[in-house]
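A, B, C and D label the chains in the order they appear, each numbered from 1.
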Amino acid sequence: MSKKSFRQAINEALRQEMRRDPRVILMGEDVAGGRGGTSGVKDAWGGVLGVTKGLLTEFGEDRVLDTPISEASYIGAAAGAAATGLRPVAELMFVDFIGSCLDQVLNQAAKFRYMFGGKARTPMVIRAMYGAGFNAAAQHSQSLYPLFTHIPGLKVVIPSSPYEAKGLLIEAIRDDDPVIFLENKVMYDEEEDVPDESYTIPFGEANLTREGEDVTIVAIGRMVGMANEAADRLEKQGITCTVIDPRTTSPFDEDTILECVEETGRLVVVDESSPRCNMACDISALVAERAFGALKAPIVRVVPPHTPVPFSTPLEKLYMPSAEKIEAAVKNVMKQHAREVA
Amino acid sequence: MQIARETLLQSYRAMRTIRAFEERLHVEFATGEIPGFVHLYCGEEASAVGVCAHLTDNDTIASTHRGHGHCIAKGVDVGGMMAEIYGRQTGVCRGKGGSMHIADLSKGMLGANGIVGGGPPLICGAALSHKTLKDNGVAIAFYGDGASNEGFTLESLNLASVWKLPAVFVVEDNGYGEATGASYACAGTQKDRAAGFGMPYMECDGTDFFSVYESAREAIDYARSGKGPVMLHVHLSRWYGHFEGDAMTYRVAGEVAEQKEHHDCLKHFRERVTSAGLLEATALDDIDAAVADEVESSVIAAKAAPWPEDSALMADVYVKY
Amino acid sequence: MSKKSFRQAINEALRQEMRRDPRVILMGEDVAGGRGGTSGVKDAWGGVLGVTKGLLTEFGEDRVLDTPISEASYIGAAAGAAATGLRPVAELMFVDFIGSCLDQVLNQAAKFRYMFGGKARTPMVIRAMYGAGFNAAAQHSQSLYPLFTHIPGLKVVIPSSPYEAKGLLIEAIRDDDPVIFLENKVMYDEEEDVPDESYTIPFGEANLTREGEDVTIVAIGRMVGMANEAADRLEKQGITCTVIDPRTTSPFDEDTILECVEETGRLVVVDESSPRCNMACDISALVAERAFGALKAPIVRVVPPHTPVPFSTPLEKLYMPSAEKIEAAVKNVMKQHAREVA
Amino acid sequence: MQIARETLLQSYRAMRTIRAFEERLHVEFATGEIPGFVHLYCGEEASAVGVCAHLTDNDTIASTHRGHGHCIAKGVDVGGMMAEIYGRQTGVCRGKGGSMHIADLSKGMLGANGIVGGGPPLICGAALSHKTLKDNGVAIAFYGDGASNEGFTLESLNLASVWKLPAVFVVEDNGYGEATGASYACAGTQKDRAAGFGMPYMECDGTDFFSVYESAREAIDYARSGKGPVMLHVHLSRWYGHFEGDAMTYRVAGEVAEQKEHHDCLKHFRERVTSAGLLEATALDDIDAAVADEVESSVIAAKAAPWPEDSALMADVYVKY
């Protein structure tokens, strides 16, 4: 056990799985970096933000494959390789680039098994960065997990910390279905204690990062940290919250959420993705259908507005959910209850 | 060129099976009993068979929306295919895929594909598996002239060259993508495209089994030997509409009749092998009869087969969820 | 006014707008059909299901453009043309093919105006077929409107009848923002009275196809017909329903839905798209947040299962929402109320 | 070749402005005040300017993530660009786009683009507008060697030929896409790709304004005259990392220094015009001084400019919603 950054945790997960299973290969734009360069250095980048650094050195060019800028063909290649015996981990760099290769995910990888009557396995992982807060503007800041969650046949993983990232990525690589693994680009330098040895965290089992009595907060990915921060502050004001990190949006641990809402009777959902048809909607709908009787107050969503992500710092701040906004939402939900009871 | 008798017999049988299977589909479709979209491969049989004659189950192919021919040539079970097209539980995909999604990975058949250009990226992956697992396999993408304009396809040509993959890109050029002529939709030439992505180019007459067989042998040997990908441009013609129901008003009257008369790969094969004394007409007749029986039984069996059970709806979305 | 099919209504809308405005052009695969063919017939298809038949004859090759099978480049071209003075209507054929050109929609057309500080207009329409029930299997049967609804910068239109189709399409063509116009492929032969003259139906104004007292049903596209059928049957059993056709999912007429739920206190949402992060979730979340106080029963969703669309007829039937399933859902919602009251 | 004095002066000024603008950005970025990703065009100035010298506001260009040079060459306001990069309300995009999304449709500048290969499809559309509206305009897609492997780009080459569009595809080949060499990532040749999609190919030295200017003239004249699209392959080199922060370990030491020493388009231009007596050194010096002032003021103004107001967050998603 030692302090590791989110970046290191992911690198370690990849390294340990590549050591364990020779069928695990890596591909993507500059996952090594330097092929065809004049210096001859072939591990020049290790990914655009250095996450896969050093893997080429250990595993060689046959298992760490730099690609041309051709997402459709290499993501499709990952699907084809997965269906024929390899276990590729393909890096899409920014999840926004799914626009270049959605077909390979939507109509190929996700549907093989079903269309082929159960006779295919497609054990592939697509890693990609998501999220705003990096001044990366409208085409490099999206949180497109609702798109993937919508698609039957995909699994969707969104780790909320370095510990989670390592265990969930190892699980993803060992999983026999196509997995979308999303990394919040703002979190790469966050650190926490992460075991040195390999471990897995099962999909579809939410994590309760804290338990309280008044309000259940469900938060996704980076929002989990903000929700905990808000819960800290609220506790000082006498409001205690349960904070749920679903870890995976597909499969989705409905039971844990329903049970917690049964106890608290109030729900706030925090989701960094665009507000229409997003996970906040999905979770609200689940609870409004299946834990309706327990609800003491409206279900409130803390989400960005229905706009692209703006570049300018103050606008981007305004755009993002935050601990403050979550705190306000929880208080609002508590007030509504007060009014009803009164 | 020396081709083993067994290969000739098998190839003729495969071509005849495709022909009989599809002509029957044409008839059955008209009765309204077959649901969904059906795209017939009739007239193009020599391409699938001439290429697949060089492959084993260890090699991989990816097909298109017009996939029956590739499936049969790669050894997918004909009864299972017919049942699939009828949507029955006994279908190769248990009725869940239909004509456009027939696949059999155990035969190295990575699926028909409802997406134009869907196959070439997958084939880069299959070829990568063959290369990485060092199993001596090659991977073949069949795709049409229309698909040759899809970005997926074009990127894949480049990727296959960059990764030096054991892959063959077989452009089945029947001159049309739906109702649009390749002379309109394909600027430049396939040959220059191959050069543009750094791979050798070969072409052949797709209505002549022997022409395809020879070129494919060369192309596949090249790819299998580790030299990288090849493009094989096959010129051919489809005999029915784009899909069942298409009146083909975009083609001049008599175009298909002329093809049937003078460029029928089955006729041509028969003439060639009998006149060269390679096979006896009776051997071919026997095959014709056997195939007719097989197709007939496949239809009877398909119609009699059970529908999928309700539980199939939710099954096999995931390996585990 | 005369009986027109859904197909004819769309054809007429296109024709009338092309007559009215020379900047309106059409493009897509075989929207005319026959270019490069040996017969010289250049209007051989008029679209794969004949919707654009005859437009080439009237407007010529400069305004009805057949394309190669290159969705990314021609949908991108539509965006580029729209930003520079034309008003393209691009046909994507099946909406499932968005996998080939999502970028041009997600990162280009939808975001130009915002990224460019309000200095662009992108008046384009993408027409595409959606929906199951045609035995078209997993890659030709999807209802991907949640993806589009999720994307800020797009408008999303889903007409529920020939009358709606004509008025909404004319509105879409005159609109200055990018519009996704989805046509249910099973409905092309449905007929109703449609005015011969040109008319528009504004976006963001839901249509109440009937009013009742017990349950509000919100249904999308083809589901509206099924919902009305269910409401008919329910009426005979003494349960009256309000049926809402939102017409456009973005912009979205929240007020009408909220008002109706305030009156009925019960909500059933019918959505043919995959169940996770879909419109049914979106609408449930809206109501659970903003009309919570009025709710007398859980919000129930009538949606398909989280699976690709199966090919086989009985499975596809099982997959689809239907009038029977809606009827059952409404009764279920009514029962829940009964229990609570008891 | 005769180039008007005014054109020479304007071109030099544009190149010098790009250089000064970007070298200043390099310095400012290091202070941490500029947020987000910044990709510098330094070293490639002659390409943008040599091409845009033949264009008016009536013509359209689409650019890339490395867009500052194209913007300046097409006449986008330098102060507005600097303010945009700082995220200020006075930016050309009101602070909402940033470096990767600078656009000015009134100048025929259809935007930088954060998506590799984003531009070529858009340019097919802009060219279609020019053709349909018969305004005599041409449309130019700038894109990199890396982008030449993106399916979007490849499809666009074909579409432009099929539709016979007044478009020029300018491949700015600096030998790298991020850290990956074109010698690895681009199989085949750009020349064969042009042939593969049925268009003429031209190439030029992108570190020499006159080489670009001449080739671009020919290419643009061809496209403008209605003969269809052209590919113009420009060979050049970037002087800074892929983005600010890239240590460029993939390039041999001294590679950039050598470029700066022997292939600086500004030095080359100055030598050429002064030795040929086309312009006086003092005229160029004056431009250098004026540009330095302009860039300095743009930074001061940007830093002093207000942030966007909160209401801007919700504004301009739609024309009407």
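Just so it is clear, contacts are C-beta pairs under 8 Å (C-beta built on N, C-alpha and C of every residue); 3 or more make two chains touch, one makes a residue touch a chain.
All values reported here derive from a predicted model rather than from experimental measurement.
Visitor: Compute the shortest path length in steps from subunit A to subunit D over the network of touching chains.
Guide: Minimal hop count between subunit A and subunit D: 1.
Visitor: Quickly list, by label, the chains bordering both subunit A and subunit B.
Guide: Chains touching both subunit A and subunit B: C, D.
Visitor: With centres defined as the mean C-alpha position, give me the subunit B-subunit C separation in Å.
Guide: 36
Visitor: At what distance in angstrom does the C-alpha mean of subunit D lie from that of subunit C?
Guide: Centre separation, subunit C to subunit D: 40 Å.
Visitor: Could you state the distance in Å from the CA-based centre of subunit A to that of subunit C?
Guide: Inter-chain centre distance comes to 30 Å.
Visitor: Could you please state the distance in Å, as a whole number, between where the Cα atoms of subunit B are centred and where those of subunit D are centred?
Guide: Once rounded, the distance between the two centres reads 45 Å.
Visitor: Counting only residues that touch at least 2 other chains, which ones in subunit A make the list?
Guide: If we look for residues of subunit A contacting two or more partner chains, we find 67-68, 70, 72-73, 96-97, 99-100, 103-104, 107, 114-115, 137-139, 152-153, 306-308, 310-311.
Visitor: Would you please write down the residue numbers of subunit D that are in contact with two or more other chains?
Guide: Residue numbers touching two or more other chains: 93, 95-97, 101, 113-115, 149-152, 155, 158, 162, 184-186, 317.
Visitor: Thinking of each chain as a vertex joined to the chains it touches, would you call that graph a line, ring, star, complete, or other?
Guide: Shape = complete; every chain linked to every other.
Visitor: Residue numbers of subunit A touching subunit B in their complex, please.
Guide: 23, 25, 62-63, 65, 67-68, 70, 72-86, 88, 103-104, 107-108, 112-121, 152-153, 155, 175-177, 204, 251
Visitor: In the complex, go through subunit A and note every residue touching subunit C.
Guide: For this pair, the touching residues of subunit A are 96-100, 102-107, 110-111, 114-115, 137-139, 146-147, 149-153, 249-250, 252, 273-274, 276-282, 284-285, 287-290, 292-293, 295, 297-301, 306-308, 310-311, 340.
Visitor: Spell out the residues on subunit C that touch subunit B in their complex, using ranges where they run on.
Guide: On the subunit C side, the touching residues are 29-30, 33-41, 44-45, 48, 66-73, 96-97, 99-100, 134-140, 305-308, 310-315, 318-319.
Visitor: Provide the residue numbers of subunit D that touch subunit A in the complex, in ascending order.
Guide: Contact set of subunit D toward subunit A: 35-37, 87-88, 93, 95-98, 100-101, 113-117, 146-147, 149-152, 176-186, 249-253, 255, 307-308, 310, 312-314, 317.
Visitor: Hey, which residues of subunit D end up touching subunit C in the complex?
Guide: Checking each residue of subunit D against subunit C gives 60, 62, 91-97, 101, 103-106, 110-111, 113-115, 118, 120-126, 128-130, 132-133, 139, 151-152, 155-156, 158-159, 162-163, 315-321.
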